[in-house]
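What follows is subunit A paired twice: with subunit B in the first complex and subunit C in the second.
Right after this comes the complex of A and B.
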């Protein structure tokens, strides 16, 4: 039953999504409605597919059901008029003609009793807990609970801040022992690292031999934790979740292009990347490399009065006194003159440019009479059989589909050294080529850079700022040919225009008769 | 058309002076009574625990701020006057505010923050005066908002009294 993400053969040229064979369904009745249910799935899935809300803690659609929390209890009868009983919906298979009622007093009563036991030892530190606002225990207590504890005994005291490696902190008091995290490592990464240790009320989640967690998928257990027991160290106490604006986007750290949600504090500051369910790409999961890749999208603005030392904003050209900010129009005219003066300017795209930006770049290159290429660094050693492809180019497939050829950074630098003029376009293009190597280029080469970060390169003649991948909308094509959509999650800083618009304006200037 | 019949004045009224003296007698009498005007800046208004002045943050007796930056007041504030950024602390209570700002120009002194606070960390003080040369100066940061618990104690006791129905224990 477990739904491990497909370790699809990523190298296959065109793995068209297999036409979903319609599974044989059986008819059951959920809350008075005749519905079709997949017999391979537990009853709770049939209810959720119908939009019927059945609470769950230990059940997760990406993991096998264990039925340990008992919160998903519903009233089930074998057929109409048959005697009914309360069962756990996650461990009950569907059978033909089954009559399911989720909203009966008996079902609510059993859930309330379950909640009372779960809340018996759960600390009421919601004001401190990072999960507050997206906590299943909070939500269902609000819906089903009784608002008042009957227990007069003190709550159990356990460790509040237990570090489980570099990524995860465990709060043993908050844990409700749903064992989702335990099953995640057993069933998704297939490298068991956690277990439930101890007996009775002293049971806790622990790693084997108290070793810290390892691997590239630890962050997922904080996502699937239904309470605030497992929290991410980088996100700990950073923001209240209701202050985070959530934008659908795509992860940029490898060519898998996992569907993610970009969460920004008050719509301004990126605080968290979370995986978003996509059955064709990443299921429910994402890797830690992508999850914690905030640094490239949270570059600070340069210090007041300075051009380098942070984001590249506005239009910059090299004047007599070094780099200086100028009006966009004059910078575009300058760049157009520079590119037209060169017989064969070298145009290098970043593998981070979207399809829309790549098309604009192709139009520009057609007018200049050159073919653009994209910088394609060597695969890194992060490749695994779950999600990470080891290829740091998120839009390699899309750029290749547009007929843009890859070029190794070393070869690109060799060509740059001999080129009369070069245009480097896109997020992280300088970093992928190597900032130190670019800085070694002589001032004879004429270099135009459209990047996110400003570097004081000796050869730099003009530079324009571009938005990062969380500041623009567009499309990437992932390694298997699935479209990943980017949306504007945070506004680009003032003076940074969308890259495709900048390229088209540059094209207009290249087509216009020379000003001088 | 309406014809208004004017009232015929009596002799005393036509003489004018008797009415003047009657009026002046009131004026002169008031000279010797206790004045009711308050000389405001020098002579401030009396306040008590019922006064709902500007919100202030409680500093507990151990010197630590009571706030855990849970964000309840921020979300309850109808004027969006409060901004909180939390962070981790080594104290037993794991979370504390790193930035707590109240824009006093926005604050409408409604007291929702006081009501929302689960940690008894923000209370309406009896401070009502608000003046500065810049707008930025009226966005109060944590240092300007901190008050020792003893200074807010009358208000704390009053809030406990009026909310007795909903509170189970008294801190």
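Right after this comes the complex of A and C.
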């Protein structure tokens, strides 16, 4: 998915290993196949790398192995013909010539036993559990477990909905004590917040003195929870996961550009952003700011008969009676005239425009004889040493690579005040410049806006709707030069065309002889 | 029973046997003096220990000299090395180390010095069970006395050898008696056993080479060094040498901690040491080495008490904590109590142990109260087989599964009777034990 077109000094906390330093491997046998295994990784990794499914609960490739859930049992012998035994694959180092069998009656039986114990106190409330459908306990029980429970003992009664802060709800009954969440805070954010409290069958996950969780990475523990014990408050009871369409995409909330999956209910309504494994960018994780940034992509349509107050759809120009909807063609002709009439129109791009859109904008600007710049707000205070860069411009690197210069909002507003005409292009461009400040512009400047949201600006002459980043395909380039891909996760509303197409059509109109 | 030589409990008869003065009067600190002044090389001490055939007294019976020799070569591995003494004696029935720590703490201190010298350990950590207050206080006093006398700390007895001994008080968890759980606890973490490998000798306390030994094991070291391997081998049987401390409890006339040579039969111990079953009743069953060893029926009373013979008879020598049960004891009740302990003490890491100990306990509890079902008995066996052997990080799951399997094997009829009658005919007539979840 990622490539490095412009190798640059890395600011990533997880720099990609140099391709030359390929680790020395050893040969082992997995299910009858001779395979190469990294001796530094546990056996379960060698199996997974070969596409052999070994179940896991406590093991997570982004965390240290603890070997406590005991579900990853496989049959291992030191060599062919040697006596074999069943071991936990996540805590077993690989050794040369090792013979591993994952599909033997003994291994299946051990895993079945383990599942039976795990389900002994599990509430089996799958019908009301948000995790159902993507739950490891459900999946492995289906594959390896037995159809009928043998326990007639009362199940453990614990807290069903314990709030762990603003993001996470804990269901203690569903928890299988894999301790992934505990290790996440210890090993990834390096700010331990959770612990296993209590002993044996009375153990629960807890914070010290029931303090709420804090930090920008809490949401990840709901992703890595193999069962429905940790759920996201914003996602609770929002959707059954099998109704979610999943589209590969890139997070828009900072210049890290974490690889994500956009999940939309029945392909229409964005319900969830989840991190997607990318060893060069974000590993398995993403921050909560990015995770919960639904608002910009779920803008409601404007009220019936209104133009402002929601999504900017279709083409709008200022006529004698104020803003009015017109056909796209006539709006484009109007805008082309307006731009050509101005000697030096100011073209400001949003840092959210993709490389493809930026190239189209460059062509347009070339024909107008001006250089575009992109709006570059000051860094915010969200920067940390894990993922968030604090830079709210997801495609800063890409736009800079195309030779587009940044301009600060304050400077841009000053220029706007004296410009004869201005074209503001791209998602959130008004918000980044400041909607209140734009509304104050009352000069003769003629303002053309191509954005997602419609605002009632006094200086506005024409406006065209553009898709959000989950409604378009394209590429961003992150702070380290890795390409982040956008795909169409949900359809754009009727009357919103892809921005690069709109820009090219506008270019055609600019090149055509003047209509009037 | 023929006469035999005693040494372990020789000194405790004296008044104030826990003080340095009395310990010295009785020949104390001669062994460490022999080691340091001769001087013996550390390797020589390990050789003597190996030759003596001493096996660990903490339950597994692993040869001590061999365990000491697993510590990596000091020339190749510059990490500091440690000795951890497991004094977290908490197996139901076991109470032998307590006698040594309360009555002869200097013996343990001297043992620690010898073990540290042999393994070139920088320090010894004694992890004392939290409930053993007197043991802790006496050991701490002994260490302080020894330190003041130049026997602990820098340049012991004026030689180059320096060694410190530190105490750590447990907080009442059985699992901290598991060697890796003990190390976690010593490091200040939750007492969750660590998966092996790495073994403690490779990566133990603070990721340094560590050996964990039981109190009684360490206590034997000064005797072996002073009197020689041949002397030690003259006691016991060829594969289990020396004497051991036998903690006898249950329905006997004279319960207590006794020093005995290996090779006696359980019957000899019951009749000639413990004074037979009390109240003129008959023996029904016994645990040979603590509650985690398989329950044995009365018919097995002629088993020879040494590591290999008890194992051959289908149980384990364990910590030699013999619990005798008379004919009025209800095996379902006994198992209910036993599994209540393991349910309470499971650390909760491994699925099988966390859920399995609770499940077994719930079932035994039900059966003992006459609410069992016919299929429960086979389910007990099936569950116990799902928990052990070797399916979990540590042996606590085994410790719950082994007595379960043994109890059902030898006393199946009694469980069936409880199920058929809907009550336990042997249930005690006094008020029943409190309902489930209890203890501290």
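Following the convention adopted for this analysis, the second predicted complex is superposed on the first by the 497 of 516 C-alpha atoms of A that agree within 3 Å, B and C clash if a C-alpha of one lies under 4 Å from a C-alpha of the other, contacts with A are read in each partner's own complex, and residues count from 1 in each chain.
What we mean here is this: contacts are C-beta pairs under 8 Å (C-beta built on N, C-alpha and C of every residue); 3 or more make two chains touch, one makes a residue touch a chain.
Remember, it's a predicted structure, so these values are computed and weren't measured experimentally.
Undergrad: Judging by the criteria at the top, classify the pair subunit B and subunit C on subunit A as clash or fit.
TA: They fit side by side.
Undergrad: Can A:88 be said to touch subunit B (first), subunit C (second), both, or neither?
TA: After superposition on chain A, A:88 lies in contact with subunit C alone.
Undergrad: How wide is the angle at the Cα centre of subunit A, looking out to the Cα centres of subunit B and subunit C, in steps of 10 degrees?
TA: Approximately 90 degrees at the subunit A centre.
Undergrad: Just subunit B (first), just subunit C (second), both, or neither: which does A:220 touch?
TA: A:220 contacts neither subunit B nor subunit C.
Undergrad: Scan A:389 for contacts with subunit B and subunit C and give back first, second, both or neither.
TA: neither
Undergrad: According to the stated criteria, A:186 is in contact with first (subunit B), second (subunit C), both, or neither; which is it?
TA: Once the two structures are laid over each other on A, A:186 reaches no partner at all.
Undergrad: Scan A:201 for contacts with subunit B and subunit C and give back first, second, both or neither.
TA: second
Undergrad: Would you mind checking which one, subunit B or subunit C, touches more residues on subunit A?
TA: The larger set of subunit A residues in touch belongs to C.
Undergrad: Just the number, please: smallest Cα separation between subunit B and subunit C in the overlaid arrangement, in Å.
TA: Across the overlay, subunit B reaches subunit C at a minimum of 18 Å between C-alpha atoms.
Undergrad: Can you give me the overlap between the subunit B contact set and the subunit C contact set on subunit A?
TA: none
Undergrad: Would you pull the subunit C residues touching subunit A in the complex into a rising list?
TA: That would be residues 173, 175, 190, 195, 197, 343-359, 362-363, 366, 373, 379, 382, 386-387, 390-393, 437 of subunit C.
Undergrad: Would you mind writing out the residues of subunit A in touch with subunit C in their complex?
TA: Against subunit C, subunit A makes touches at 66-71, 73, 85-86, 88, 91, 93, 110, 113-114, 116-118, 120-121, 150-154, 176-177, 195-196, 198-203.
Undergrad: Name, in rising order, each residue of subunit A that touches subunit B in their complex.
TA: Residues 126-128, 132, 160-161, 236-240, 242-243.
Undergrad: Given the complex with subunit A, which residues does subunit B contribute to the contact?
TA: The touching residues are 68-72, 74-75, 85-88, 93-95, 118-119.
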